[in-house]
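Next come the structures, one after another.
The following pair of complexes shares a single chain, chain A, combined with chain B in the former and chain C in the latter.
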Partner chain A sequence: MIGLVIVSHSARLAAGVHELAAQMAGGQVAIGQAGGLSDDGETLGTDASRILSAIEEVWCEDGVLLLMDLGSAVMSAELALEMLPEHRRRNCLLSNAPLVEGAIVAALHASLGEPLQAVNAVAEAALSAPKLANNC
Partner chain B sequence: MSNISHSSFLDENPAQVEPPLQPSKSVVVTVSDPRGLHLRSGRDVVRIASRFQARITAANLSRNTNAVDLKSILQLMQLQARQGHSLHLAASGPDADAAIEALCSLF
Partner chain C sequence: MAQEITTNQLRKWLLAYAARIIENEDHLTELDTAIGDADHGVNMRRGMGKLQERLRDEGHSEDVSAFLRSVAMTLISGVGGAAGPLYGTFFLRAATSPTNGSSIDLEQLTQMFRYGLDGLQQRGKAQADDKTMIDTIQPAVEAMEAALAAHQSAAVVLAAARQAAHLGMKHTIEIEARKGRASYLGPHSIGHQDPGATSAYFLFETAAEVFTITGAD
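Showing the complex of A and B:
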């Protein structure tokens, strides 16, 4: 079963998205979080070494999917992957999915035992999923 | 000329142009949860639906929505189903009956 890492500029946002994702996964998926720049959660920003720690915490051979909020979160996540040994980097994937919807979908499908690429595909489909009933 | 005769051969062979008939089953259920169909109950619906091979869809008759894929949590949330809303569940595939039976108990 794959692991997930939630990356956000805000520690509180990362914790909140983690909370939602954990409920969707029903406790069956390892979900890490890397939010903010400081341990007290007060400084906004993203840090590659914090992301690296989160990846290592949930690491498994099936792979790790990273979900980021935006902007430098993506660059920091890329940096974190570069800091990983090659054999682990191969099994990590940066998702293009929106953070909240992507984390919810990814957690649910990861808990169903789906492989890394498949989980990312359904999470990224959230990019084109409207919220309002009128549009479906 | 050989291409034309080849395609007319295909046209005469129904097994190659028509999909096989699949058992199908549908039902209308009413949402009983006072909070409607929310994320957590939606998760359970997707989880059960994913156990079946059948293609399963749901439409919210009370909102007159199109049918969405019941194995997708985001599409399910698009139904915006409140307590009392009627949902049309439809399944087609080898285990369609069992899928509908299992899903009915969740609403």
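Showing the complex of A and C:
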């Protein structure tokens, strides 16, 4: 079963998304979080070394999917992958999915034992899922 | 070049850099208020405070690569914004450049900047004229390489880097942003100097001051 890592500029946002996703996964999926800068829980920002630790915490040979909030979270996630040993880097994937919807969908599908690429595909499909019924 | 730049001289350079950034916090904030989200000064000051603590700690390594890696990790965890992963990448890649263990010669210093620049371009996907720190660092590295190829002294190589970095920084006033938050402003970003290009300029300004004074020639 793959692991997930939630990356956000805000520690509280990461914790909130983690809470939503964990509920969806029924406690079966390892979900890590890397929110805010390392020094405290208050400063907004992303920290590649924190992301690296979160990947290592949820590490599993099936792979780890990373979901980021926006902007420099992506650069920090890329930098974290660069800091991983090559054999682990190959089994990590950065998702283009929206953070909240993507994390929930990814947690559900990961809990069903789906492989990394498949989980990412459904998470990324959440980008085009309409939120309002009358937009269908 | 007769003398080499030791890890301790690199440490003095980055202490000078940290001090210069802290002195210029308000200036960086002003620049980033005009075309960004006004956080570059605060982010860089916080990161430089962490860097000062790290560099004043006597327990630092004598090995150039290990030293640069430790600088990178401090910036990754201490700066935030887009500058954190960008400066972090710069020093992490610089740490993979060739050294003589506890020192580097002028050619290796130039390579160190080249490795950092290549890493930045990969990470930020920015090119010259996108109005980013690349506009400072790329001409500076190219000027160093050219001066080195012409067998110039360390003082001349470092002066060339500073001058090219300064021109590059000033050039960002004239161009439209194509990367980062400032790119949302389109043509309205013209007329403003890029904050990242400005903080990057101080790398070369302080390098020219410190390495020349400490006798890297």
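Structural remarks
In this section, the second predicted complex is superposed on the first by the 134 of 136 C-alpha atoms of A that agree within 3 Å, B and C clash if a C-alpha of one lies under 4 Å from a C-alpha of the other, contacts with A are read in each partner's own complex, and residues count from 1 in each chain.
Just so it is clear, a contact is a pair of C-beta atoms (placed from the backbone, for glycine too) under 8 Å apart; a residue touches a chain by one contact, two chains touch by 3 or more.
Just so you know, these numbers come straight off a predicted model, no measurement behind them.
Superposition model on chain A: chain B and chain C are shown accommodated side by side without a clash.
Of the two partner chains placed by superposition, only chain B is touched by A:131; chain C is not.
Look at A:82: by the touch rule set out above, it reaches chain C but stays clear of chain B. Touch criterion met: A:45 reaches chain C, while chain B stays clear of it.
By the touch criterion defined above, A:104 reaches chain B but does not reach chain C.
In the composite built from the two structures, the nearest CA pair linking chain B and chain C is 30 Å apart. Partner chain B is touched in their complex by these residues of chain A: 20, 23-24, 26, 101, 104-105, 108, 111-112, 122, 125-126, 129-133, 135-136. The touching residues of chain A, counted against chain C in their complex, run 37-39, 43-50, 71-72, 75-76, 78-79, 82-83.
Residues 43, 46, 50, 73, 76-82, 84-86, 88-89, 92, 123-124, 181 of chain C are the ones that touch chain A when the two sit in their complex.
Across the interface of their complex, chain A is touched by residues 39-40, 43, 46-47, 50, 60, 63, 65-66, 68, 72-75, 77-80 of chain B.
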